[in-house]
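Heads up, the next two complexes both have chain A, just with different partners, chain B and then chain C.
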Partner chain A sequence: MTGPEARLARLRGRSLPRSHNARTIAALASNPGCARRAILDAAGADKQRLAAYAGFPAPFGQSRFALARGNAFEAQVKAEGAAQLLTLLRTHLNLPIPEAHYDDLGEVGGNASLDLRHARTRTLLARAAASQDEAGTMFDHPLLRLEVGGRHAFLEPDLVAFRLHGRFHVIEIKSFAVIDGQADGDKVAAAAIQSAVYVLALRDALAEQHIPPEAVSHETILVCPENFSNRPVAVSLDVRKQLTVLRRQLSRMARIADLLDLLPPDLTFDLDPDRDGVPRRRPAELAAAIRQVEARYAPECLSTCEMCFFCRDEARGCTAALGRDAREELGGVEHVQTVLRLAGRIDRPAPGTDLAEAAALLRQAARLRAEALREAV
Partner chain B sequence: MSTLTSLARAMAAASGTAQPACTVRHVHLSPRPLVFIPLALAGEANAPLAALVGDDPGAPNLLVVPEPRDRDLRFAFAADLAAVVLRYTASYCADQEPTGGRDPGLRYADAPQLLVPNPGGIAFTRLLGRSTRFRRAEGPYAVAESVPVLGRWLTFFADRTESPASSLMLAATDALSAHWATGQSPAEDRNLAVLLGWIDPPPGMSGAQAAALAEDPLRSPPTGPATDPTFDNEVLDQRILAVRTARLTGGGRAYQRAEAALTDALATQLTPTWTLMWRAAELLRGLPEAAHVRRRWDADKDAFTWHAGHIREGGPPQPRRDGAVSAAGRLANTERVQEMVAAQRAFDDPLVMAEYRMTGEAFAGRVAAAEPDRVDATGRRRVLRPRVTVETGDAVLAEPGATLTSPARPSQKARVIAVTEANGRTRVLLELQGGMGRALTPEPGSVPAIGEPVCYAAFGDGYQPPPAFPASEDTPWTHGGPPPRYVPADEDAREDWS
Partner chain C sequence: MTEHVESLERRIGGLRTAVREAVLAGDRERAAALRRDLRQAEQDWEDALTQAEAATPQEAPPVQAVRSGAAQPTVGPAPRPGSEAREPAPLLPLREHVHQALSLLTVPAAPRLIATVHEAFFAGTFATARLTSLKRDEERSFRSAPFARPYYICAALTADLLAPARGLLAISTWPMERRVIGSLSLRVDFLTAAIRVVEAIERLPGPVPATRRLLWRFAASIPGAAAAAAQLDPFAVRQAAAAELDVHQATDQHVRQAAAQRARAQLDDAQQLFGTRTQLAPQIDRRRGS
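== the complex of A and B ==
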């Protein structure tokens, strides 16, 4: 076995594979140039565990209170065939849904294999798209698929897709509050990009059945608690912009197979567990293995990627570690030491080069800064 | 961010020590601020868990909600907080001073100042204000009388943070990172413990080392309102469960024990931040105050005086949402104030002015030639119009005809007559008007002398009058017509808080 699947399995080693979700795809798409994240995610590696074992545990975890609240809210709106959700959509979308179908796609005759579930999701969605039935249908636990870096990633959204007047709407249930019609901007942005991932995957699934993309609306529905209560409220999100960004970023991503070709054939992130599952691999050796795959660290990774502290440590001394803006404002110069040598006229690059332009900028900044500080004394 | 501050970050990263980003302090700092450190329960919209609050570094008030999901206990917490906050604001409602200018009115001689650790603290304050200001002291779900008043004050403080000119409420991380550049990214500067590690490391340690240590949540618990998830899962969960169990089984001594254990655990999370907050205040106080800060604080005192009067006279609480006219007015005002503050900061601080010199919006140099007694006789009346030539090594964007202002002589206008370049230096010929007295010879010192270092900018620090907006009752139909007057509704007072 030498195909990409076998290579990825070898990279992952003996740990259980982790699957992609809308959040990981959104994170990956926000930094499409990072081969490390692309490879680790494609291999289904447990990044949290690897980072911790290499000595750089991720700076975030999930509070059990937040988890409980999120699950309780979702369970509440979906209870009894999504009764609350239906009432809400009836008023929000002005739906004439006297009766609506509710299909749970969680299992197929007791069999929960991914391929089987995906096939069933596709069939049911296509049938719904073709039918003339005006009654809405909700699909709970559909299993979708999206091509990421030339490979299929399965997406198991807890969302419900709703069909109305011949169009599907993606519904995202989140437990952050909408207060007086306003919600936390960062959280809404994250929800929008996740919804966009599902819209894209849903369109892909329908395209295989020759159903045009317009069958899936770019208006997704966000369901959140209202004000300080547990009462759900629905708002529409237009995710056209997110769809454009996602599509562009996904197309910019290198193919996983090409990335694999750059790596040594025997590379693995296996922790060499003994019979009780206790890892025996030397942490330094694992770190060296991880470093074989190139990363592109930016401070944004600190809130989205489990490997962030590992990569930040590696990026020490790089202007990128100070932020994307900082790097640009420093004339795109890669290393902090180079910046200071250029600013201090120690390095004098040949005129006409890009570096000469950066040097002029930095020298001027250093001169103005020194002058201003002298003046202030 | 600019090339100058990014260069400062690069220097900080290389040296392991934070670098100054300003030479003076651009915010007002009260001699007696009220430090407020709230903690919230994860996953909820606005469930207060605990707070450390007070105006005396030696006497913090620890407030705890023993069962964060219990509505009554939340309002009890709000009442406890109200006792501290309202006593503090009331202490500023005594001494008065004339407002000055043409207005003969009086205002309070000083104003309160709320300090929270980070922007999250401001957002929490805004939500706590929102969830308490509509409550009522009578009827169903009655709360203590002080609770809605607290809500109105918290809303007032949080609203003022939208104005870049206001210092009534400050987030410590924002204030510190505006004055110091660290060797890390702006995103990482939002951690107060880490930021202070860079700026003020303990003896024998570099800023970078102290910052790295401060990243450990066990050593430096998060500065709120979010708690450390590990703390939630391993400590908080059991202790809240113990309180709940003790309440269900009849309370008594078991309840007191459980509550004390929870309080202790929360105190360990809050106390380190309390120390950090006062250290942050001390560091900021150590910087000399910028020249325009006093004038901006006067506007804060006016706002405080107005709001205190509004509450005293029984005015309604702030509405849930702005009407069209007030929203437009607020936006226009924020933009205008932002421009004004940016100009004032540059005039007060050569390091901020350097940013404008970098982009060519300002230049500094020396006076190479001067005709201080030049009189323009071409008009109907002879007028004093001295000319000076400034030689600078900075890039100059200004073109003939442009009007410039110098921080040293803000009431004087300088019109650009000619710009010439020679040997990589630029000579700018300026004609001066105003700020020289009434005679045909300038008052001593009012015209820059040969050899004097000067700086000229393409902007002034002057006051721009606000644009005219219709009164709220004249809102045009295009904007929905006059908004209904906000009347507190019963529904608002009884709103869920789960």
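== the complex of A and C ==
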């Protein structure tokens, strides 16, 4: 076993490694500066369990109702050989009429084993890429693989990689509504980054067959319900930016050794389970171990990371915990306490420094606030 | 006649074992379905004996003895053999409903579509969840007494691996070409089903809202069929569906015929109806093994 691998295995302890999925990979890219997340993910640690054991269980995971709604919408769009989806693609992308092939890759001959499905996906995609005529249009639930931090993660594009004019497009079906041409920005961003993960995985799969990456379009297609109906609508998403972020983050994961060097050699997140799997390690000790790895908490973490409550508690008193905008408004000062001292003229930084400039602004703000409050009274 | 009765007796024996296993396993739905099969088989057995009795009247007393000894799990008076006043079953079995809907569509279909078609044309609804166990029950019934029923609700087969296609039901009496599914077949079947639905609507004496809703479901996904639900014209839907069908049919037919030939040559009777899961993808197994 190589150096970093052994270190990561020690960090993980005796639990089984958790594998990545599109959500976790996307979450990685949303906060690339967080060493804690990078290390825990690279080690394949069970963050949910660690956070819960350290006393900060995250109310995390998708709601049952959201899942059911998502599945129902996906089933509706894909019913009868993806009839509704086909209509969308024909109207929005001018898909030629003869291109109506539909291949179900969710199962290979009644067998849903991941390896079988992955092998079959590769065969079918390579065949489709190699031939010029219609050798496949829609591939339902292809199973792709992406190397993340030295391990392969299986990825299942929500729907289909489909071939239009010789290029593959990744299609993502989401159940949030596009109302009057507008959708929730956060949700679209999450969908875009997930699609980017699939694009990357698809390019990897084709590269193994010596097919250039241009065969997979950076334009992905997002299918959502339109307005308040159940009728699907398709929009194109350009994921070039997300692809760059992802690539950088993945290469960073590959260079995890640099991050590991900063940590004490005997650090571990092992829960020290007894024979029945009941943890024996003291929660406070585990929390101390986790604190040794630097985190970069931002409010966005609350929707993507299982460690969020732990990090939020740790970041109490920091301006970063208030969000990026608030931090900027407060002049980029790190602690709330410092901000208050500067505003209250308790601290007087030397003139000419960055801090002095921030202090002047904060004092001004404090004065305005005091005036406003006096008027209100 | 004797062989028929004996095969029924074997079947009844097999079904009783299956009911016991299902009850012990706590699978109520399956147990109920098997009990229905069992009652049907026992009824068939009674009918067969009645016919035998008519042919040889001197055997009547033993038959009566057997009848009175048989513990029938029916409510109310047991039907008398040969009597005209046999009470009809309160509802058709589920398989009959499915058969009706599939016969209208003439192509393999998913449970949801089957339920919708049945609701629109035959005024009765059933939970699609019940259809999931139906195919399994049919397979079990076929394996215990092959071809004992006039038809079976069976699987559609994937053209490449001849495995059961996910979530599709078909009728065993259809030619194999109709029951294999290539990559274009779902589209072809969708268009064919649309045409059949139009034909069925034209046979109706007056407009029925449920059938129009069903037709709109098809028309919305066929180019040039209808602009809006309010302007739905069955004739235009048929024209549009036929036009697109022309584009796909030859390619699809080619794939289906080749696959059907392969299926007939390679598979035994049960596999032809319910697909194969064993002899799949040997090339993939080899790759995994290496």
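Just so we're on the same page, the second predicted complex is superposed on the first by the 220 of 377 C-alpha atoms of A that agree within 3 Å, B and C clash if a C-alpha of one lies under 4 Å from a C-alpha of the other, contacts with A are read in each partner's own complex, and residues count from 1 in each chain.
As a working rule, a residue touches a chain if its C-beta (ideal position, glycine included) is under 8 Å from a C-beta of that chain, and two chains touch if they have at least 3 such contacts.
A quick note: this is a predicted structure, and the numbers were derived from the prediction, not measured.
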A:86 touches, of chain B and chain C: first, second, both or neither? second
First, second, both or neither for A:181, with chain B first and chain C second: first
Broader residue contact with chain A after superposition on the shared chain, chain B or chain C: B
Contacts of A:347 with chain B and chain C, given as first, second, both or neither: neither
Contacts of A:219 with chain B and chain C, given as first, second, both or neither: neither
First (chain B), second (chain C), both or neither touched by A:104: second
Which of chain B and chain C A:120 touches, first, second, both or neither: second
Chain A residues within the chain C interface of the complex: 79-84, 86-87, 90, 97-98, 100-104, 106-111, 115-116, 119-120, 136-137
Contact set on chain C toward chain A in their complex: 110, 112-113, 158, 161-166, 183-187, 189-190, 193, 220-223, 244, 247-248, 251, 275-277, 280-281, 284, 287-288
Contact footprint of chain A on chain B as seen in their complex: 1-4, 6-11, 13-14, 20, 23-24, 41-46, 123, 127, 130-131, 183-188, 215, 227, 229-230, 232-233, 236-237, 320-321, 349-351, 353-354, 357-358, 364, 394, 453, 495-498
Residue ranges of chain A touching chain B (in the complex, touch as defined): 59-70, 175-177, 179-181, 184, 225, 227-231, 299-300, 302-303, 317, 319, 321-323, 325-326, 329-331, 336-337, 339-340, 343, 361-362, 364-366, 368-369, 371-373, 375-376
